[in-house]
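In the two assemblies presented below, chain A is common to both, partnered first by chain B and then by chain C.
Let's look at the complex of A and B:
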């Protein structure tokens, strides 16, 4: 865990990591049942940032594909923030195939068609919902969501639009790599971003979680 | 009691379903627009009344909501509507179905299990109508109703790309009213506007549905013709030329002859972008003017008059 490590004790950091592992493990298992697609989620990587460093980190992280489709969705519970799901562009074709929908029409080369957009939004929404849902379930919170938005190669707008943390904010990122067993070429990243406002609740929830094991 | 009042007075459709899609709540808004009273649907499967919702996608999303407690959104932009309702009375002439943003979300029982889900239905017809109107206005020239130059450019980029990708022909016709300044100066601007409108209507009437016509400048117009080769486009231009010449416009009982010159160009593999195609059609138009007006010229490195 990087810089403002003092925000979490070592024990709290360990529990958070453990809770994330369990939550994402459950999410992965249950996604296979619900959407019939096996989603492989890597062990989440938790980082803490102060202000602009989060900015730089995210922009740097988004460079994994030349062209990206980003699904962004806000979640509001006592644990609140935004989820960002980055797909390599062109992933929508694979996803449509996985969901057993018809082939895309002729507009693929000009960016996602409306059918492709729909597929990205639907899968993004469910993937984000599964991960956050399982996390908040473990921490005994419940969450509402804003409609997902699709941003094609427009992640600078996200940053500039102030969605991702002001300079004085503390940012917590939870990064997971995901891929689909049936389509190995589609690999992307899920980031959960939250800030200081969720921190005290998160610390409390983590301690309660630990206490529940006596 | 208060909760029931909120449910019935809110200007949003609210449905509560259990995990087997049996309707548990159906608020007054839903009753009003669906024509189904709550007593008539409570305890029955939603799919008995709305069989089109019994599909893989809807079931998959509801299953996710019941399992993960996430929300799923059926936006107007992607779906138009989930329930086929008639729009409220004032909007009926303009839109066949009410446009809706719909949300499906979880309802937790006291033991924190999700046993029900809700569907909310928001009527966004009016906003969609205004949006459509604004989009349309932003594309059109006010005087003629033809596409404006900005939208033409956007379309040309797309059409040029499509033609190149699928190796299909694409033709462009640039056309200009002959001696328009003289008409304007002699008969006044109002009559000038009338000429422009008449010419625009003639162009529109002479094109297919897949073609498009734009007002390119004051008295200059541009038509794009997908799937049309040079000979075809020259034929169209020639027909348009004849129809304009036969318009028979009259100003204060004086017949005012109106003619146009036409330049035709076809997209070539060697052209870098749509700008080159525009330039080629413009060059051919210049040639038609140079050769004496009221004629069609086809672009070639050494342009020839097709018809005099």
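Let's look at the complex of A and C:
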């Protein structure tokens, strides 16, 4: 966990990591039911940032591809924020093939085809919805969602355009890296960003979660 | 009778939750490991009666650890306790020799039941 550590105790950060692990595991299982794939999961990484450092961290994390497809979806409950699912551009081709679509018919150099966009949105919707849904279930919350939207940007547009985080945000980032066993070139990241207004509720919810085991 | 347990999970909270879900009134001797490699090493040293094993871990994941433990001891009773509940994953750990799988988060009921089945297997019960 990075700064500001005073927001969470070490134990609270550990609980959040475990809850995130369970939530993304559930999300992967749901995706695997829709597409015949196996999702390879990484250990989730929880970080806390304030202001400019959050922006810099996200920019740095998104450096894994020159051109990115980002699915962004907001969630609103006592736990509120936004989820960002990042894929390197071209991932939609692999996803479409895994879905059984052989003929893409459009030049991928021009960006994702409309079918590719739909595939990314669908994968994003499943992963984000199941992950946030499980997270809120475990923490006894109820969330609603904004419709997912697809941002197709090059890396420099993300840096210059302030698309990732405003300089005055406080963020808890929960990063999970994943890949598909059947197409290891498709590696993605899921970030959940939340803000200061969720923090006091989240701290209590995490402690209640641990207490629920007796 | 199962007394010596090994809990292998990189999350200290997950290990704590597993301990909290153990049946009450029993005197377990519990060892813990924070990744698959430590788990394999500790298994060799301690020969626990039953092992709870996570899958998504750094250094060595639970698949590899399970394979190595079963190689060391084909009769090992390994209960995989995981958040990765994809069907193919569950099939893979069954093929590697896992005794049971518990989906995270665990509960006192499913851990108690898994230990009862492990004890039945230990005593040669056919239905375990």
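We take it that the second predicted complex is superposed on the first by the 192 of 214 C-alpha atoms of A that agree within 3 Å, B and C clash if a C-alpha of one lies under 4 Å from a C-alpha of the other, contacts with A are read in each partner's own complex, and residues count from 1 in each chain.
Just so we're on the same page, a contact is a pair of C-beta atoms (placed from the backbone, for glycine too) under 8 Å apart; a residue touches a chain by one contact, two chains touch by 3 or more.
Computed from a predicted structure; not experimentally measured.
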Superposition on chain A - do chain B and chain C clash or fit: fit
Contacts of A:144 with chain B and chain C, given as first, second, both or neither: first
Touching partner for A:194 - first (chain B), second (chain C), both, neither: neither
Touched partner set for A:125, first chain B, second chain C, both or neither: first
Touched partner set for A:39, first chain B, second chain C, both or neither: second
Which of chain B and chain C A:82 touches, first, second, both or neither: neither
Chain B versus chain C, judged by how many residues of chain A each one touches: B
Touching partner for A:117 - first (chain B), second (chain C), both, neither: first
Computed vertex angle (chain A) for partners chain B and chain C, CA, steps of 10°: 140
Which of chain B and chain C A:25 touches, first, second, both or neither: second
Smallest separation of CA atoms, chain C relative to chain B, angstrom: 13
Contact residues common to both interfaces of chain A (with chain B and with chain C): 33
Chain B contact footprint on chain A (complex, rising order): 27, 30, 33-35, 100, 106, 109-110, 114, 117-118, 121-122, 125-126, 128-130, 132-134, 136-137, 140, 142-145, 147-148
Contact footprint of chain A on chain C as seen in their complex: 10-14, 16-17, 20-21, 56-58, 82-89, 104-105, 108
Chain A residues within the chain C interface of the complex: 11, 14-15, 17-18, 21-26, 28-29, 32-33, 38-39, 41-43, 138, 210, 213-214
Footprint of chain A on chain B - complex, ascending: 56-57, 60-61, 63-65, 67-73, 75, 78, 101, 103, 105-106, 108, 112, 158, 161-162, 165-166
